[in-house]
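Per-chain residue numbering starts at 1, and chain names A, B, C and D are given in the order in which the chains are listed.
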Amino acid sequence: MAGNSFGQLFRVTTAGESHGAANVVIVDGCPPGLPLSAADLERDLARRRPGQSRLTTQRKEPDTPEILSGVFEGETTGTPIAILIKNQDAKSRDYEALRERYRPGHADFGYDARYGRRDHRGGGRASARETVARVAAGAIAKKLIATAFGGEVLGYVVQVGDVKAEISEPPTLASVETLPSGEPNLVRCPDAAAAARMIACIDEVRKAKDSIGGVAEVVARNVPAGLGEPVFHKLEADLACALMGLPAVRGVEYGAGFGVAELRGSENNDAFVSDGGVVRTEGNHHGGILGGISTGMPIVLRAAVKPTSSIPQEQRTITREGEATTLTVKGRHDPCLLPRFVPIAEAMVALVLADHWLRWRAIRG
Amino acid sequence: MAGNSFGQLFRVTTAGESHGAANVVIVDGCPPGLPLSAADLERDLARRRPGQSRLTTQRKEPDTPEILSGVFEGETTGTPIAILIKNQDAKSRDYEALRERYRPGHADFGYDARYGRRDHRGGGRASARETVARVAAGAIAKKLIATAFGGEVLGYVVQVGDVKAEISEPPTLASVETLPSGEPNLVRCPDAAAAARMIACIDEVRKAKDSIGGVAEVVARNVPAGLGEPVFHKLEADLACALMGLPAVRGVEYGAGFGVAELRGSENNDAFVSDGGVVRTEGNHHGGILGGISTGMPIVLRAAVKPTSSIPQEQRTITREGEATTLTVKGRHDPCLLPRFVPIAEAMVALVLADHWLRWRAIRG
Amino acid sequence: MAGNSFGQLFRVTTAGESHGAANVVIVDGCPPGLPLSAADLERDLARRRPGQSRLTTQRKEPDTPEILSGVFEGETTGTPIAILIKNQDAKSRDYEALRERYRPGHADFGYDARYGRRDHRGGGRASARETVARVAAGAIAKKLIATAFGGEVLGYVVQVGDVKAEISEPPTLASVETLPSGEPNLVRCPDAAAAARMIACIDEVRKAKDSIGGVAEVVARNVPAGLGEPVFHKLEADLACALMGLPAVRGVEYGAGFGVAELRGSENNDAFVSDGGVVRTEGNHHGGILGGISTGMPIVLRAAVKPTSSIPQEQRTITREGEATTLTVKGRHDPCLLPRFVPIAEAMVALVLADHWLRWRAIRG
Amino acid sequence: MAGNSFGQLFRVTTAGESHGAANVVIVDGCPPGLPLSAADLERDLARRRPGQSRLTTQRKEPDTPEILSGVFEGETTGTPIAILIKNQDAKSRDYEALRERYRPGHADFGYDARYGRRDHRGGGRASARETVARVAAGAIAKKLIATAFGGEVLGYVVQVGDVKAEISEPPTLASVETLPSGEPNLVRCPDAAAAARMIACIDEVRKAKDSIGGVAEVVARNVPAGLGEPVFHKLEADLACALMGLPAVRGVEYGAGFGVAELRGSENNDAFVSDGGVVRTEGNHHGGILGGISTGMPIVLRAAVKPTSSIPQEQRTITREGEATTLTVKGRHDPCLLPRFVPIAEAMVALVLADHWLRWRAIRG
């Protein structure tokens, strides 16, 4: 079924579990002639990698991608690109306690209801481990849209717990990855002051054997006007599907988002202006998309990410037989998912844009 | 392309513009043996119908559905169900002024960029008129899931402008459609006191030649555990795609939604309990879905709807040639989209549930 | 499900039964700017129409297409094109005898097994009546490929019973539709001598209350090199699906077809030559397609069509309860399907070519 | 794009080239609970393996499949099954001469036209090497349909050159793989006398530095009535797509096939009879499928396979620049594709049946 594939023309199909042999992704539909090597995938895989800081799970995975097909003499050939990423630091013993018990906040029970069984080791297919394949595919999509129309996709954290960032000027990859001091920006929040408070918040919940939620924002720049679809698969609908399909996401909005509820039309409508022949709008309440189709303004999305479900404190739950029990989740988990969520969200946005750009070409040539 | 189709196994394809001859929907994949007649479609079409109260556009459309195929001797046959809904009260002259000018907040410019042309009459395909086809299809989906697993989908308004409802007990269709006084609940808000304030708010913005946004909530009850997909097309992802694909929606959330940003894992995790052999959770922060798969708890979604873009006051914009101009949108428009949004949102949720129920059957028989 | 849709990017979805209210087709993905009116659909609908000669069923259907959407001011808009073709001369009483009995050679039993019910009137969805929708959609595809690359699709009959045509020079629409005498070519066989013998054969089987099979050939000219897919959905695979999905087809071949079994590689390989800078082959054993991709040479396909199953003589069969009985099929049926098969086969070939041309544009721009 | 995926619900996606690192297949949609290990894939991979006899290419590939995901504790989990098959004996140097020259009968020119480049080593993605992934996936499908409904798919060779087999009794795997003498049946023709003549024919063409075509037949037994679709994706249409999508296939037919052209309806119609409560037909001209839906009778298909295009004798062709040249194809090639075609064709048929069985479950539960 299409459950493990995404996209119509730039189409990715993934497979793999947290504690299986490997994760695999096949990217079908990438046009020929795009320069590509494994090195192109490594930057974002490194940004997603576990163990990159004290704020993230300590699982160690080199996440070295092997491109098995679809590239010849340094360029894509137009045939499917298969990428293999082996799992290495899988400590399945940590999970024996989960075989018969449902972790609160996890997919365990639903999986059992759906499949009548589950791979309980680290969540199996339900683990965020599968996002490694998305990030690899997304790196190809990023390169494609950069080549095709100068498209850039950048994510960053705008809220952790009750700490909210003030974004005064357009973030850059540098401001997201590095603090003004030159040190790594562990939470990927371009407001350095807020970043410090976010880190303090995460350190505190970790010590309290707890976890905390947050919000990430993703901006896509230089997207040409005209990408999207009029009805069911509006650009924003496919983007919402992309982000809501990520682990732990509980809400998605774009432009003024939920804030539109309190706005009047005269406030929310962005006036069209001609800026030296280029159509633009005054303000961007519409987040770069109107009626399902891009307007050429920056596309601005936000996703709400819940606090990590796996917490190292005792919680009440039941066994597969329905008996009440308790559970303390072991294994290695991020106390806050947001820092590593950023490259994953970027990947999904890039996949949607690559797909809709190909769809645009199909009808307009 | 798949742009005008929705769903994998319960698949709807729509066609039609605001001021064309008709709207059409083909529902493919409905199992055989479901009792069905045009009367089944009429309740929700009436709830969506323009002109139903002073809060809505005064366009008059009887919206009488004709079932052209797929039903024989009162039951579905398993073959595709085509439904025709003719357009009648299309006053295209109102729209001549739009031929060369882009309405702020509308899809006009994006359409032009995408297609190099547009049907400017009432927005053409971009008009909310197309949702009549969704509501007809959704009525079939509602009947299917009711028959299959007692599924119920109910929407209602929880916010208009800064007026927020307090939902103290589970809303019913009666409480959504009718006030305690017996009068029609014009805003479909089950909190009668809030409803009165919402109506006052809408009356006020209408007099001010303006419009106002809001938030609707949709609850799906009796959905069995196990519906969904693990990765890209998680149940919440398909639901987000469904709702974000509706006109004017700017955000979608479920369960605790954007509120998760400030929660800790120990607060947000819902403990599993056995309730007489049935697995349930204490609390429903997870909104009935974990890891992409339903848990059997009520599915609770919210969508943020922007203020109507078409407002009868002068706004600045540009012509197709890029010259600055102004525009006062004529035609007949809802000052607040929320009351009529409710049945449309219900329809989309029902379509997703019908589709995922068929997908479940495919793998589990 | 995708069962009633065809194509990836130029995508048609049909609905309708033999004796229902109407047949409907939605064409999604047609690029904007193609001049189109109902008149464009009428030529091929007339070629397919029942009652056009003594060789065909005497059912009378005007088959007037109504374009309900997707066309504005004489050109396609890029939004879905819905076409309605009402059924008129449906004499359901003729079919009462079929309610409980399975017609030999018909889908009746399989439908019952699949759906647990069936619309027995004229075969319901299984009737060749549904091909009216394909022909309407195919006419749009023909116009698209003619505009895009001068593509022409022409079908004709090459065998009826044991009468085989000799095709000495490339057939034209004129030679297929009209005899050298100026009279209509009732069997659409461009070899006039064979046509006369085919007509005599059909007249003879009709008088014998029987029916006869045959073979049609379809040629697509001016198709550019490079259309197709390398693996599962090779151009020939999608074409085979298209033709084998037509009623009564029992075999499909292209180029040398089944004749390759007796050929050696040195005979079957067509040498590449450069013809004034254009790559061509000497000979066309490969039928215009190699490895799933068009070569620029004419695409040549053949389909074997079985004798009409409905024959007005007594045949043995069983009832739904499994009791032995006999049946004489009433209603109005073609004694040989080939003449009317020609425009239907052309339509399907055109749909595949339009689809693959859009796919090509997606990857190559 | 969907070009490298096949199936709606039992969906396979493949990647890999002849001389790349590996071939990969992801099987999505296999229901949970099917016992599965790499050993289940090995029998058919061995039947397809190059170098298995003097009649086949001497390339040596162990073709050891690694299951990377989707199986846990010996059973499928319902999540995607990724299989990796490494390429080992790839002698790319043999192919340098092809970089600038188009092999007659090969996809080389079309690929260049489509992608503007190609991996010339062994045909790249156009090589029959990719069928190794199909056979691995097909082995899973075979096991699924055997478990689900006792389904069996068996292929065999019925023609090589002008040698035609007489199939007097239903072939078995034993009669296909082994001669009455106990020796391996190198051509997989269950008519031992014909097999001997086929082998002689192949030996002769090989010595003549040539190749020869043939016909294979595939029978699917125990398929329940009711699988299929009424219109575009009729069971026979999907089967035709499956087989015509295989390398070198030039024609597909089922039941009476092209023979129907000369039959009358009264001859071709198979009478329904009740055989102890089971509906059967007298005769099987219809090849187990009527109107797109299986009848419960054996499904009988035939595919025409062209003579291998790669022959070790000089042929005329052109360079990429259009200059006339000659070419003698080196590398290791089968003089007749038929013996190894058999397991590949079986795999494709099994994939279609598994897919349609899941589709059936979706609508009938």
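By definition in this document, a contact is a pair of C-beta atoms (placed from the backbone, for glycine too) under 8 Å apart; a residue touches a chain by one contact, two chains touch by 3 or more.
Predicted model, so just to flag it, every value in this text is computed and none were measured.
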{"item": "Pair joined by more contacting C-beta pairs (A-D or A-B)", "value": "A-B"}
{"item": "Distance between the centres, which are taken as Cα means, of chain D and chain A, whole angstrom", "value": "39"}
{"item": "CA centroid of chain A to CA centroid of chain C, Å", "value": "46"}
{"item": "Euclidean distance of C-alpha centroids - chain A vs chain B, Å", "value": "26"}
{"item": "Residues of chain C whose C-beta touches two or more other chains", "value": "1-5, 8-9, 14, 29, 32, 78-79, 114-116, 125, 230, 359, 362-364"}
{"item": "Graph class of chain-chain contacts, one of line, ring, star, complete, other", "value": "complete"}
{"item": "Partner chain A, residues of chain D touching it in the complex", "value": "1-5, 8-9, 11, 13-17, 20-24, 26, 28-29, 32-33, 66-70, 72, 75, 77-82, 84, 114-119, 124-125"}
{"item": "Complex contact set, residues of chain C against chain A", "value": "8-9, 29, 31-32, 78-79, 230, 358-359, 361-365"}
{"item": "Residues on chain A engaged by chain B in the complex (per definition of touch)", "value": "1-6, 8, 14, 102, 104-107, 109-111, 113-116, 123, 125-126, 130, 159-162, 205, 208, 210-215, 224-234, 236-245, 247, 249-274, 277, 279, 281, 286-287, 289-296, 304-311, 313, 315-318, 322-324, 359-360, 362-364"}
